[in-house]
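Structure below; questions to follow.
Letters A, B, C, D and E name the chains as they come in the text, with residue numbers starting at 1 for each one.
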Amino acid sequence: MIPVLLIVIPLVSGLLAFLIKQEKNVKVWSLLTSLVTMVVAILGIAVFHKPEYLHTDVAWLPNLNSSFSLTMDGMSKLLCLLTGIAYPGIFIATWHSTYKNPHQFYALMLLMQTGLLGVFVASDALLFYFFWELALIPAYFLCSIWGGERRVAVTFKFFIYTFVGSLLMLVGIIWVYMHTPDHSFAMTSFYKVNLPGNTQGWLFWLFFLAFAIKIPLWPFHTWQPDTYEQSPTAVTMVLSGIMVKMGVFGILRWLAPVLPVGLWGYGDPAASMCVIGMIYASVVAMQQDDLKRLVAYSSIAHMGLMGLAIFVTSSIGIQGVMIQMFNHGINIIGMWIVVELIERQFGTRKMSELGGLAQQAPSLAIMLVVVSLANVALPLTNAFIGEFMMFNGVFSSKASNYHYIFMVVGGISIILSAIYTLNMIQKVFYGNTSSLTANARDIRVNEKFVLAVLLIGIVIMGVYPKPMIEATKHAVDAIYSKMFIKLP
Amino acid sequence: MNVLQLVWLVPFFPLVGFLINGLLRKQLPKSLISIIGSGMVLASFIVSVLLFTEVKQGNTAVVNLFDFISAGNLKIPFAFQIDQLSSLFLLIITGVGFLIHLYSAAYMHEERNEHFGRYFCYLNLFVFSMLLLVLGANYLIMFIGWEGVGLCSYLLIGYWFKNTEYTNAAKKAFIMNRIGDLGFLIAIFWIIAKLGTVTYTTTDGAGVFDLYQKLTRTDVIGITLLLFVGATGKSAQIPLYTWLPDAMAGPTPVSALIHAATMVTAGIYMIARSNVLYTMAPETLSVVAAIGLATALFAATIAIKQNDIKKVLAYSTVSQLGYMFLGLGVGAFTGAVFHVMTHAFFKALLFLGAGSVIHAMHHEQDIRRMGGLAKKLPITHITFLIGCIAIAGIPPFSGFFSKDEILAAAYTKDKLYYILGIVGAMMTAFYMFRLYATTFLGKFRGTEEQKHHLHESPAAMTIPLIVLAILSVAGGFLGVPEVFKPEAHWLEHFLAPVFAESARIKGEVHHLDHNTEYMLMGLSVGLAVIAILVALFRYSKKPELHEPAGFGKVLADKWYIDELYNFVIVKPLNWLAKWLNSFFEKKFIDGLVNGVGRLVNYSSRQVRLLQSGLVGNYVLLMVLSMLALFVVKFLLNSK
Amino acid sequence: MLIEKYIYLAIALFCIGIVGVLARRNAIIIFMCIELMLNAVNLLLVAFSKMHHAAAVAKGATAGIEGQLFVFFIMVVAAAEVSVGLAIIVMMYRNTHSVDVNFLNRLKH
Amino acid sequence: MDISQVLFYALSAMALGSAIMVVISRNPVHSVLWLIITFFAISGHYILMNAQFLGIVNLIVYAGAIMVLFLFVIMLMNLNAETEPQKNKWLKLAGVVAGGCLLLVLVAALKQAEVKGKVAMLETGDIGLIRNLGKALFTDFVVPFEISSILFLSAMVGAVVIGKK
Amino acid sequence: MNAIVISAVLGVVMMFCGVFTNSKPAVRFVAIIGLLGLLIANVLDMGGYHFFNVNVNGMLAFDIFGLLFNTIAFAATWIYFLLSGRDMERVGVNLAEYFALIFFVLCGIAIVSAFNSLLMLFLGIEIISIPLYILTGSDKRNLKSNEAALKYFLMGAFSTGIMLMGITLLYGAKGSFNMEVIRSGTTTLTPMLAAGLLLLLFAMSFKVSAVPFHFWTPDAYDGAPTVFTSFMATIVKVAGFIAFIRLFEGCFGEVHKQWQLLAAIITAATLFIGNITAVFQQSVKRMLSYSSIAQAGFMLFALVAMNETAKEGLIFYAAAYSLATIGIFAVLLKMKDYTFEGFNGLAKRQPVLAATNTIFLLSLAGIPATAGFWAKFYMLSAAINNGNVMWLVIVGVLCAAVSVYYYFRVIQAMYFKDGEPQEIETSRGFKGLLIVIAAVVVLLGIFPHWLINQLYSFFYL
């Protein structure tokens, strides 16, 4: 029941939002919807956590053995929660942003939420693919209509790029489906498939491409900085905070347990791409002057680490990925909120045009500094827990022969991330005020509220990660055991 | 209830102070801020003293607060370990910390309210992190504190954030530290990979120091080297020391607290804490000793030609930290810790003294524009002098005892270490008294206005000076060498349980005979006195005011190490970044991606020409395709 | 008569028709060449019809008759096609005063 | 070589020769005439194979009706050798080569045809007679017969639509 | 048989309508009602109510597959009449005749979906083609229309010759035109069979505009009056596929392996050329004709894979593709400017048109939750299930990605660009119908089996 509600509430409300013409009303409406969704997600995790509440299975396509089957299990819980929390946060934080045709904007935002939640709770491969694509369509329109100058071309590239990947994945899904013992799209059937090694090999690449483009892993990342830069910030938040997690989630749920041999066989090349990406993106981030691009590249680096942790196959690394998906979502949304506040106030995101904000807007500065620190994974922030576990997992992996090298080289990104993050803080907040920032004002109450909640979350999760680890523990064990059980 | 269970209170108080000052910094008046800030540290100090009395009786404890990370087989609790070593550090941190807080209240009085609050909030956060570092019962908690102090250091160096140079220095400090941190982190992973735990020691013998025998030789060398990489970052050793002199951009009390007394000694603490592992890896110890010695000498040479009062002290700190590592490297763990303690006293004293001078001189830091301050600032003068004597190693001041212990151990290990060490000691004496002489003796060389305003600092500043001076004088008696009085080395006995395991591994240590030891002491003191006299003679009347030339300029410019790093690392990295960003990313990768699109467009433009509009061509093409398919079917695929 | 000979003959005619379509520009001639192709087919059909009739003459007297009927239908269709085709050509000619197919290139790319 | 063989070769030569002339004649009227000769040759073949009805129909429908229609249209347009558009030489050559190749490929493909060696019965058998054909046409083939009426209807409507001013 | 007879009769009725009345709405009304009757008759046929008990002598064989397709084709045509019937008036004066011709085409479609003899195939295809030549050239004053008709006619006649040669060779080898006879005993492709098969493959490829026999398509579709392009590109084209599949499965199903490669080559070429060439088009109409080639490439998957999934998928593809394309053409017909620029800013002026058009385009691109997705899904499944042609599957999905490129150009123009205001007349009913069709497309996209299940269950009554 809970997962169905998670999908239906934003869907219905999103469709209704098309009809609400007043800006104020539609804002309130979407905020309320997102709050309700959040409450449902929290209820599902905290109150109604018995399987019967969290699992739904309705006949959908009997001829194909595909059912409308949704499960909120250990893996999806955190991501549902993230989506649930992120949306109200985004709506509140961007309350003062104005869009032309606000009803369309908010409706599409809610529809995108439907897609995202659907991806996370779908336990049927076909349904998963459905939602996977559905999340993309509203994103396409949101970016293309309300984005920056080069929005049309950039978003189009984003769309086609991800579309190519997902089509290849569709081929993979169908192939696996043909070889399931009971000819079914159900996740359980997918997990029972036992394909020969070389088949798994090329299937691995089909799935991998889709997820790698979405995450995005180097060298498939070039759509991402452009898209983030051009999208309206509220959308960027969803894209980077939640949507990119779809890729990681996809690997964990649909790639690793289904094609373990493929993963073992090609884990090293994939992991190498991740490591190169981590360093590469960090180095490139050092050169960025646009705040959005900087955060975008930093996100590439961080997502690379998640990929790395999965591809070298270690239990603790996967555990780290699970909680890092959540943490990274929170942190990067925080980051975007700050960027949005800066852009809205000064009309620029160029670091070279800013400066000295710490005097004028100390609260903003503090928020940014804390979020940035979480971004560089300083201990006692949430990101540290995840990164620690992931790096640890990489280091102690038994699946890869090069795991030491991966860890050490990947570790350099820790240093590089400090470099570009501190550069950013320095350029934006320190030094003397520029002509633009001379009369800056500090942030408003609603923005402060969201950021404060985020910060508290960041610290609490950084100090006491146990609940998150507990929540995902079984899912990790399940995946990990499947990754090993089918070894030839 | 066991008093030791209260250990969490120690970091708790500064944390509370941090939160209150941080959140209410605009609302609270400055006086209240300083009372909260200092008071919390004082409270910690009191608890530390309580704990210390308990520990002195031989009670130690590991206090588990909650599960921090627990995934799979890895269980890392958030736990504090209170034993001799940590309790000693607690006293230093909270004690010296309190004094410096007190001092800061006066020193920073000119700041605006919110910045004043910000300052104290950072400072409290620093104390909190440092306490985590030393209290942590496992490497991960230590690492948390480790990075935490790095952060506070960053924040405090960049406290005056309007100045880009200062913020650059802050950045540099953080990044340099991060390089070290990576080493530390890898070491932690290595330990986890091999032993499955990072807890130091447990009652059921499942800690790192209980299981160390499971480590192979490679493991232990690797782990200790990596830990040492971490230590070089935090404790400013070659090659990662360059951040520390720049860190003097922060307010002077910060330099005293963080960049002299406490944070920079974290590396020594870490190695002392891991003494068992290091004892298992003599190769690493040699590296530690060599690096330590090299740093000691290297920094000393630079310090000789510096003219910024804080820079001199900074290089002196680097140099002294080098001594501590030398001590660790030659196995004198107690000696190193001892030196940490005495150094905390006298270096804090010197920095605060310098701060007092700077305060008096209206933020003038160049010693060439000072001179003759002895009369105007009597308390500062006397306490500063005490600090100088202590650092120069003149008995019975504290520096003598600790330095001597290290040098004696170095002698036992390798005579070359000793000789080089003593050269360093001589240089220390020389540049400290050069500083002293140029600053306090001779004629005043500042502006009239400065002269007019010259006055002794307020009590809140002088009291810490006096207390620290007393400690600098008396601190040494905690570790009187055996030669003077058997069983008088209280510290060694106090710390013995901590180093017991390594002592067991090392087995019987060769002790110097008393004559040799007296001789060595005499030599070092004698040389130091000579160096002091030379310095006083040269600089008290005619200070060196011109710009140094020749070799002196090389020293004054710090051997051009910053430039070298800039040239070898920073520039290439920037260049690489630029190249990647402007060429590789845009032209190559994105070019490829867009190239596919362009290829489609291009082929579209070409392929559509097939559609020539002429029926004849169409039919011709159709016939040709038919031919081709016939060929495929009948000739190629003739099944 | 051996059937191969008919096959070769028919194919030869068929290909001459194709060459005509390829080589001429006059729409009417092209159309005529297509008719030639159809006639080649007709010829071959009749030949096959007779061949099958010969092979099955013992069993059924009417074997092979469908080939000849097919020819009949082809003629019917050809007639219909010609009426429409010529109408189109004439319409074209009315508008352009040409039957040159190479002038038909307003629609391209 | 009996008479039927002689006839076969003669008719074949005539058919091929006149077919080639259709293609290469510059004057469209000549092309039509050559095509009529081809049809005659083919009708000869039909009669040789004892398919008299088809032979006659071929002459009446094709040579008589259809070709007259062609001729009529050509005359209407006043096309002659001078107005005949000439194709690019190379394209022409390409067309000939392509057609030739197709001929070669088809012949090569059918050289080993499974019907090789079978005989197409000449002059005997009565399936070509009107009686037999008619019977089959109105029994077994009545459906296609009726349906071809639809074809004619549509062609008629079409001609009207196109031809009407 | 119901469909064949009634559609022919309806054709005749329409002819007379033209004689007896000049009222265009009346003609249209008769056509719409008549077609509805045809549709109902066909559905009744599926349900076992045969109005005409004709002894077809093995010439025709009615099966559920063909009847189902007829239903879809008639339903699509009905929608087409409703949406675009009014636009036929603008082509020329012979409105009743146009309807008559369309009914004849439908008769041909009913024949090719039920033929059992190659003779009937030939007749059926001719009955489809001849009216289409006319319809293509029906805009008599328009040189483009003339040119398109002549090109279409010449090449169509040429391909008829090829097809007849193929049929002849089969007849020579097997001695019959009956598909069952041809099929029986065919375990290997003898030279004559193979040659016949190839020639038939070429001719049928021509009819479904598969590359390299597609050349007529862009020109004919572009030149034909848009309202008829809509019909040709959708219903007629998929009817070609039904015939194609029926022929090759019926005659050469047993030796599928031996010609699969050829079919795969043609399919790949079709996908490639169709999609690639569409990218650069400036006119939406011409883009749509290339897109129809590209979509044909996907439908050819059914031929390559040749299994039950493929056939079921083809039916679905027929419905999905026809609905979407008819919808787009209906919108296109309202535009004065057929270039992409003509669509600029449509979303502001005609949100309903833009939104429904977007759904149709998404469906053509194969985005989930539209019918088009399932169409592609079935085709890919069929090919993957076959297993031998994975390379073709990959080519297919890459080309599908390319297709997004040109379909989305229209969406971009409508939503993200500002354009000149141009008058677009639309009635409320038109919009309502578009919305209904879009809803059906989406509904089919979410519950793809709903329609088929309904039809099946009706059939088994």
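Assorted remarks:
As a working rule, a residue touches a chain if its C-beta (ideal position, glycine included) is under 8 Å from a C-beta of that chain, and two chains touch if they have at least 3 such contacts.
Just so we're clear, the structure is a prediction, and the values are computed from it rather than from any experiment.
Listed by label, the chains touching chain A and chain B alike are E. Common neighbours of chain C and chain E (chains touching each): B, D.
The greater number of contacting C-beta pairs, out of the two interfaces D-E and B-C, is seen for D-E.
Most remote from chain C, judged by the distance between CA-atom centroids, is B.
Chain A has the Cα centre that lies closest to the mean of all protein Cα atoms in view. Seen from the Cα centre of chain A, the chain whose own Cα centre is farthest off is D. Each chain gets one centre point, the mean of its Cα atoms, and the points for chain A and chain E are 43 Å apart. Centre-to-centre separation between chain C and chain D, using Cα means, comes to 6 Å. For the pair chain A and chain C, the distance between mean C-alpha positions equals 65 Å.
Rounded to whole angstrom, the centroid-to-centroid distance between chain B and chain D, based on C-alpha atoms, equals 102 Å. Of all residues in chain C, those that touch two or more other chains are 3, 7, 14, 17-18, 21-22, 25, 30-31, 48, 51, 55, 63-64, 66, 69, 73, 77, 80-81, 84, 88-89, 91, 101-102, 104, 106-108. Touching two or more other chains at once are residues 87, 91, 94-95, 98-99, 102, 106, 109-111, 113, 115, 140-141, 144, 148, 151, 154-155, 158, 162 of chain D.
Chain contacts: chain E has residues 119, 123, 126, 130, 133-134, 137, 140, 151, 154, 158, 169, 172, 191, 194-195, 218-219, 405 touching two or more partner chains. Listed by label, the pairs of touching chains are A-B, A-E, B-C, B-D, B-E, C-D, C-E, D-E. For chain B in complex with chain C, the touching residues are 608-609, 611-616, 619-620, 623. Interface of chain A with chain E (complex): residues 60-63, 129-130, 133-134, 137, 141, 144-145, 151-152, 156, 159-160, 163-164, 167-168, 170-171, 174-175, 177-178. Those residues of chain D that touch chain C in the complex are listed here as 4-5, 8, 12, 15-16, 19-20, 22-23, 28, 31-32, 35, 38-39, 42, 45-46, 49-51, 53-54, 57-58, 61-62, 65-66, 69-70, 73-74, 76-77, 79, 84-87, 91-92, 94-96, 98-100, 102-103, 106-107, 110-111, 113, 115-122, 125-128, 132-133, 136-137, 140-141, 144, 148, 151-152, 154-156, 158-159, 162-163. Interface residues of chain A, counted against chain B in their complex, comprise 157, 160-161, 219, 221-223, 280, 283-284, 286-288, 315-316, 319-320, 356, 358-359, 362, 373, 378-380, 384-385, 388-389, 391-392, 395-396, 407-408, 411-412, 414-415, 418-419, 422-423, 426, 429-432, 463-466, 469, 473, 476.
Partner chain E is touched in their complex by these residues of chain C: 3, 7, 10, 14, 17, 21, 27, 30-31, 34, 37-38, 40-41, 44-45, 48, 51-52, 55-56, 63-64, 66-67, 69-70, 73-74, 77, 80-81, 84-85, 88-89, 91-92, 95-96, 101, 104, 106-108.
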